[in-house]
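Note that the chains take the letters A, B, C and D in the order they are written out, and that residue 1 is the start of every chain.
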């Protein structure tokens, strides 16, 4: 109650955050693979109102992805096995980035490789490219045979990838962690040792849905990655655990549908958040989350959004 | 949010729902993504072809849907005045026939839904409708004022007996015909084969599991011309010879 | 189609299973902590129609459990932090078991200890007690400070507990695994080395829900255990992984609401299943699952329910 | 499954829902657990006191509920003929007053719901009702035929102005009075303190987060007499001196 009376509340609240050297307008990003190359959403909102757009995972060469079916709905969630279909980093820089630059939004490139060299090669190509604010290293995709999750569940492999990317770029690096591990703290330390500037979590959780009439997976692959509100409580817990270990900022991801969900992650320790599956349900979600966080801050007399980060009382 | 202005049964397990206000400029063959507000389960929107465009105050659209699972089951239980969330129109629709081209539409069951607006725009031609029985054939009712309607039923209770695909061949002449088809994937594949054999243009409206409906989740992939293309944004209408029918999930 | 014509379908289908030496009428059990001491459900069904009832976790001494709030609903699931409140093994044998015996249902005692000695002591007390068909070792409760999950995430500790219990009892032993690990296969091998006769999984997933108005956990504890349909796809995947490593039968648990869900687990590799949170939503669920499996078998011409186990085509 | 026979607003944000058929032998203070069929979210049943028992064909029950979240929000959107799933009656209700005992009921807002059946059974005494304003006071309407009703509103728009707890003391005599109370936890604590001070018997109906409603999940714990007891199966009605009010979650 008392806090509502603070002077600051007469003026505007400050939503800006600094994530490992990236100065963002607000803590709301869109999660890789759920927002295309960003441009597709320009009809639904003014993209420059977002903290940043994280684009679909980019690899060195274009990737075709997995055969259909690639998605299946599950209780309060969905499985996907897209298999990192993408146009390749060069086509992205050539064909998509100029359009995004025109929309004046911070762009983070989510990158992926089948081996350490590919990761650093993709990072090198992006280094110094105008309109890229940072890279997010995906070491946690459960839907590809090589690379991806193999790096995300082995601390020393993870560190190796991160240090290679560190050498290849001067851009701020976010490392995106896999939830498919026993102890997230170990992974946090490993990627910090590798030189990451921030961590983001969680990527999808490896999961499975079976067609009982055909006795096959409902996807073309045996397993897929679970996302959506179903995983939110697990993601909040992992963000809280990561926050308590991490020296770098933590970006919370997993099942965020509303501003209240986003605030939950921030109280647990997230300095910023990403909206994923919710973009499919309502393409305006990310903007709604920005506005909702602002309203919450005014109501609670919070002047700087960073005050929320890790404010959980235990 | 759109308000339900009607929602009544039209054939066994099939309903016609009117929604107001309408959506902008719909092309025949385009679809909308519908979500029932409330709980988080089912989570994803469900895609439905725009069956009709309503004029008058605020405008509106109609869809014709079949109850096959939870989402459509919940839709059937909604009443006039209830609200649903509508996204769209989405996707690429059917191209219009060329001048002097004969028009043949082939529909399996509720597949008529994606062809109705096209039939209204074109206003001539033949619809070959396949259903299980005479009651299913009610789905073709609205086409009678627009074109010649030929019914095929599996039980022979109306029209000719058999599967609609058995009668496609005799319907399409050589060149100078354009075929528009919508229905189960196996039916579309057969229709496409016939059309390709005969060298006639043929457009099919495909389905696929969709999350976003706007080309960003890459979930609704279909193999076409050797690459994965998206049913929602590259389709749902494709030229039948683009599709790699082998790579389709049955 | 062809299979529908098999001769067997004229007669009855065989639902019985053998789980590590326990002969059960059918593969449907109730999960520990979600079915009380069983007796509470006698009004809703004839308990002897179930494969087995697994009772609330028993410790050597009665335990008071955690303060409220102990549960919170989450999307398609719930968190609990009951903290293993129970009347203690002796009161159970004295006051509850005689009633259960009267209902002629197989009873499996879920047991829990703060250290290895307590586990084996509880097992010893139950050994030879009439009316107990087996013990299920809970090494995976996330809601207690000592014991529980500490054993469930460390393979050598897990093996130690299981071998101690193995020495203390002649009853069949099921070991209940935690999903909060990176690699379930390692845990499977560890408890098999310890001498378990079967494994069951998954227990709840550690998770968190935050009250954003108060900035506190919605539970009295920082974290709780996530259960319900939200976790089903994760549980099915873990059962599938465990099945591919395990030499002993696997019991599938996690979000089963219907017979179709149960069949999914069996196709993934479960020899039997347990119904948990669904008992709260509909107290008759477990019986409905038995009947639904039977109908499915008839429809598919499956004569013995065991044919379903691991029948996934990959 | 029970069918909704009516579902109409009775006070700001509060609805009265009739369900048929009824449930067996209800004691005043018992509750039912209700689930809206359809999706898996919200997942858990929601507990509601049995407000009234309906006679006649098939019988029925009524509940009075306040819209506070998703479950109750969905309930408010249901119409006559829709179905919900009802489990119960559950829990232990209020004991009847002794002969010659004076009866005082204290209700905060929708808390009246758990007292109404008791008031009908007893048929005399005083209800002290607390609400925000005169419109909330409509919740006490049904009690006027049964007992003396005294209204307290926070804004003074009806009856006395203030919180209901300020007027409890003057209402309960020394011994020979039995108090029945239902409402927010803070209110119940205050009423209990007063009753204990005065040495009068007092029963409170508690709430708690519930999953099963039948004593098996151990979720709805409340500290009473030094141990955890279950609101659903040991309560929801407790003697106020059993409860460890310090251990309550506010």
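Convention: contacts are C-beta pairs under 8 Å (C-beta built on N, C-alpha and C of every residue); 3 or more make two chains touch, one makes a residue touch a chain.
Keep in mind the model is a prediction, meaning the values are calculated, not measured.
Participant: Compute the centre of every chain as the mean of its C-alpha atoms, then state which one is farthest from the centre of chain A.
Facilitator: D
Participant: Between chain A and chain D, tell me the centre distance in angstrom, where each centre is the average of that chain's C-alpha atoms.
Facilitator: Inter-chain centre distance comes to 46 Å.
Participant: Just curious, how far off is chain C from chain A if you go by their C-alpha centres, in Å?
Facilitator: 35
Participant: List, in ascending order, every residue of chain C touching at least 2 other chains.
Facilitator: 75-77, 228-229
Participant: Which chain D residues touch at least two other chains?
Facilitator: Touching at least two other chains: 40-42.
Participant: Which word fits the touch map of the chains here: line, ring, star, complete or other?
Facilitator: complete
Participant: Given the complex with chain D, which residues does chain B contribute to the contact?
Facilitator: Contacts found on chain B: 38-42, 70, 73-74, 77, 79, 82.
Participant: Touching residues of chain C toward chain D in the complex: what are they?
Facilitator: Within the complex, chain C contacts chain D at residues 33-36, 40-41, 56, 64-65, 67-73, 75-78, 80, 82, 85, 220, 228-229, 257, 277, 279-283.
Participant: Name, in rising order, each residue of chain C that touches chain A in their complex.
Facilitator: The contact residues of chain C facing chain A are 74-77, 79, 153, 180-183, 205-210, 212, 214-217, 222-223, 226, 228-234, 236-237, 240, 255, 260, 263-264, 267-268, 296, 311-314.
Participant: Which residues of chain D touch chain C once you look at their complex with the stated criterion?
Facilitator: That would be residues 35, 40-45, 85, 87, 208-223, 227-228, 247-249 of chain D.
Participant: Quick one: which bits of chain C touch chain B in the complex? Just the residue numbers, please.
Facilitator: Touching chain B from chain C are residues 75-76, 229.
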